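Below you'll find the structures, each written out as structure tokens.
What follows is a pair of complexes built around subunit A, which joins subunit B in one and subunit C in the other.
Up next, the complex of A and B:
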């Protein structure tokens, strides 16, 4: 029985965890060529979506060769970002897929997350248990408005905090929210899994499990830990958050919220006065390394090496593929890298979409269709990222495709397939 | 965090911190220590701090084995005797399975 208040904190945090993909600092090869012409900040430009540069071996060799040979073929230059692009797409597929798989597997097996017991988050106060369809629609829209305003307020608050350099506050907030995720939500999750499989479990063992999981998670995320473990924890956190959303958001509100959040993401990242864009630009101006919190990186890279152009000659300082899930708290963290950074918020909302499709969609066709839609959207977004090389929102394209696929599959493909099966007609 | 990038002294400090951290009822931390620093301690060519890292990894491994033994014993005892313990068993239980075995 979770009082809605306790989830509310995490809600806020998760909303802050939205992010867009940050444009990455495309590998130094092009910049070497343009060095005399471009001012320094340009190097840091692609932030939001950082497309992860390739794994270890390649960038150094590329960098060196770029430095060595002066006249570089224009074609080769253009090829490189695209080559990077393809690898990055694959590198992003894995964690996104893993997150979605975990969410779908849980939804299908643990009934707790699909049971609606009338409890709702305080952010969605209007009930959907109404008499008419019109009322229900109205309530969902109202819920969405409230939810989105909360998100907007939180994001603006975050930008203000960052502008006035209240780093300690942000850091503390981050720690608190990850504490909640790692301990409370995983405790709940574990309990429900045990109940589903009808296993007996005692408090001492559970305490040990949660304590270990939580503390090692805090260490890996906020301090230093092995990269894969950090990535795994971030995926786990995103999955847990998505599950909470799936449970506590009412049916129609969830879909409307997904749509509205994509629009918000688009606006916040692309408009000149958008909060997320301002956040990115401020960080770029300050040329600061941002705290790593909640950054999913495929490699560890800390900006510091990149900030100094002279260091470009030392390719070893630059990291390779990093793909950072950055939470809105720290889109800044991206700064450095080369890597694609995908925000945790993006993971969460993708998983919410696929999870809801699994929960309410009826059969696997719908779920798979949504899954494919999201991956296609992600590919397209990364393509755009490679073309525009600046921060781009990760949600709009994928979510749009996901929603379109969900509703069309549910209402068109499913009856079609059912009919075919009923008549034993195989195509 | 990429170990390759760190200078040796920092590796040693990290290993040591993980080792001491594990004493706070954190066998998982010891497991991470062992897996992460295994290559550093046993596979890489020798360097000054390697000996100390080796000791920490070995001790973490020992601690881990000890904890695994303790936990396995406790879990086996609990699962086996839970029903027989009556009230105490219920009090200790986080989840109680339904139905008749």
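Up next, the complex of A and C:
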């Protein structure tokens, strides 16, 4: 039983839709209700300890922005929500940690991603090579405004496309984006790694490596593949994207953008007229899975059904390519173990924060402090998710903690610890 | 400044803590979360104390070296006190959380006993403290350089690693003893832990006179280990059972 889900990639200008923390079930569940003997999910509601936001219909699984959490338990496993809650937190800690480790390792060893050669993204046109501090600050704020406006426009464009059911356009866009990520950016990355370690390599070998990497990635992400391979590819893509941001965003602009994007995330998800919230609600009204987005899924999703033992896995939704296996082992009630999903935009911005902490100054204490702060922020966000059970943005708490800890550790703790280490005092 | 020094010091400083993590904590998600939260609490205490130190140094003459050194000592003492305060705060938080979890869960009692939480919290403090003390030093040991060029000690790296190991283990034992003392409402335990922590810090002031600092610190570590063992329910009986590989008549306690 290999549940997989189609996800697709998008370019830098569409990373906005990925800033989401999602926990919801797979979309294929409704279509399994083909057998009239099978209990409808609505019948299962009384057994659920917590009420899902949409009890009548199965909520869509892939939600770009909203966080919907519906823990479902068997009757005899009622103490498990806590363990499941902790388990889900760890299921997110591990990939976030891996992504950060990849980014930090690259930043520390491959100097390409920390070299600033004056090239900037077109979204941040104002230079930071100014004469005065005030000018520099002004330029970074202007850069941020431009970047955030681009994000807002893209999100609204996406929501409009979704509302008017232009699915093909969106699919095409996402496929093009993931093509670029998997082939071009990984080729650049490989090239820089070879340069750093002075490895001679010929073009045919590189072509073979990149071709294989890219094609397998496209298959895993857009079609079917083993869950762990899919997770690995999503982590790799997030790391590549984060590295691109770290290289091309100017210093101060990057920090201001991080702050601004967490505020935007908060507003877009929680305000009634926020674009991301509207996206969620539209998808829920239509009772369909949102087109594949960049979402990291943490768990194998299995269904235990009281059913005809002859029932077997079948692809239910050709678009998403998701399927799941009904196992007849446990003839108890219909239950599902749902994993927790985290939008790839969250991975990217967490890694950008930690990567920038590693890039500037070379102090490992700062990097470690930001890492712990982000993990704790993620933990708190998941706790809030368990309490409020509604759409929640994943960025604000973690990024706030990360920023606070970055600036305070860099300026306050670093001189303190350096002095202590010089004298070999141990506190 | 070789790879041997790097790996040797890394394993000395972090080996036991890492293996404790792998064997006792990594499998249980709740313990991992408590570990990371403990690390976070230690970090916050360090942040606040370095803020105080920073303000003190900025307010005084930076050229006066003895004054700066004294300010550093003052800042460190304040940091030690604040670390114990935050340990107490973490204890209160964990107790509240545990009660909440026990209330909503159906099985008897909370999912984690206070002793487990004490151990994990102490280890969290220890790992973070060790990491912050040692990581920059380790990273420097990979690069080029000569140790002890200006008359400083040649044994800088190895002694740093040994002290880091001692501090990590001490934090773990202090965590166990501290939480147990708070549980039993024996407030003198808190005072003793604080005093021992201050004593360990004062011993480190003797560096680079390593005989005077490392040996006593390890002696204190062994004493604390014994205290933590007995405080968390161990006894000579348990040890004899362990050595003779016999199970007791009642359930064996972990």
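Methods note: the second predicted complex is superposed on the first by the 303 of 427 C-alpha atoms of A that agree within 3 Å, B and C clash if a C-alpha of one lies under 4 Å from a C-alpha of the other, contacts with A are read in each partner's own complex, and residues count from 1 in each chain.
Just so it is clear, contacts are C-beta pairs under 8 Å (C-beta built on N, C-alpha and C of every residue); 3 or more make two chains touch, one makes a residue touch a chain.
A quick note: this is a predicted structure, and the numbers were derived from the prediction, not measured.
Colleague: Now for A:211: first (subunit B), second (subunit C), both, or neither, which partner does it touch?
Modeller: In the superposition, A:211 contacts subunit B only.
Colleague: Let me test your reading of the model: by the given contact rule, A:176 touches which partner, first (subunit B), second (subunit C), both or neither?
Modeller: neither
Colleague: Just subunit B (first), just subunit C (second), both, or neither: which does A:219 touch?
Modeller: first
Colleague: One more residue to check, A:364. First (subunit B), second (subunit C), both or neither?
Modeller: second
Colleague: Which of the two partners, first being subunit B and second being subunit C, lies in contact with A:138: first, second, both, or neither?
Modeller: In the superposition, A:138 contacts neither subunit B nor subunit C.
Colleague: Considering only the touch criterion stated at the top, classify A:387 as touching first (subunit B), second (subunit C), both, or neither.
Modeller: neither
Colleague: Counting only touches as set out at the top, which of subunit B and subunit C does A:105 meet: first, second, both, neither?
Modeller: After superposition on chain A, A:105 lies in contact with neither partner.
Colleague: Just to be sure I read the superposition right, which of the two partners does A:195 touch: subunit B = first, subunit C = second, or both, or neither?
Modeller: First partner only, subunit B.
Colleague: Tell me which partner touches more residues of subunit A in the superposed arrangement, subunit B or subunit C.
Modeller: With both complexes superposed on chain A, more residues of subunit A are touched by C.
Colleague: Could you tell me if A:229 is touching subunit B, subunit C, both of them or neither one (first, second, both, neither)?
Modeller: The answer is first: A:229 touches subunit B but not subunit C.
Colleague: Quick one: in the complex, what on subunit A touches subunit C?
Modeller: Against subunit C, subunit A makes touches at 78-79, 81-83, 86-87, 89-90, 93, 363-365, 368-369, 372-373, 375-376, 379, 405, 408-409, 411-413, 415-421, 423-427.
Colleague: Name, in rising order, each residue of subunit C that touches subunit A in their complex.
Modeller: 29-30, 32-33, 36-37, 39-40, 43, 46-47, 49-51, 53-54, 57, 69, 72-73, 75-76, 79-80, 83, 101, 104-107, 111, 128-129, 131-133, 135-137, 139, 156, 159-160, 163-164, 167, 200-201, 204-205, 207-208
Colleague: For the complex, which residues does subunit B have touching subunit A?
Modeller: 1-2, 5, 14, 21, 24-29, 32, 35-36, 71, 74-75, 78-79, 82, 92-99
Colleague: Quick one: in the complex, what on subunit A touches subunit B?
Modeller: Residues in contact with subunit B: 191, 194-195, 198-206, 208, 211-213, 215-216, 219, 224-227, 229-230, 299-300, 316, 319.
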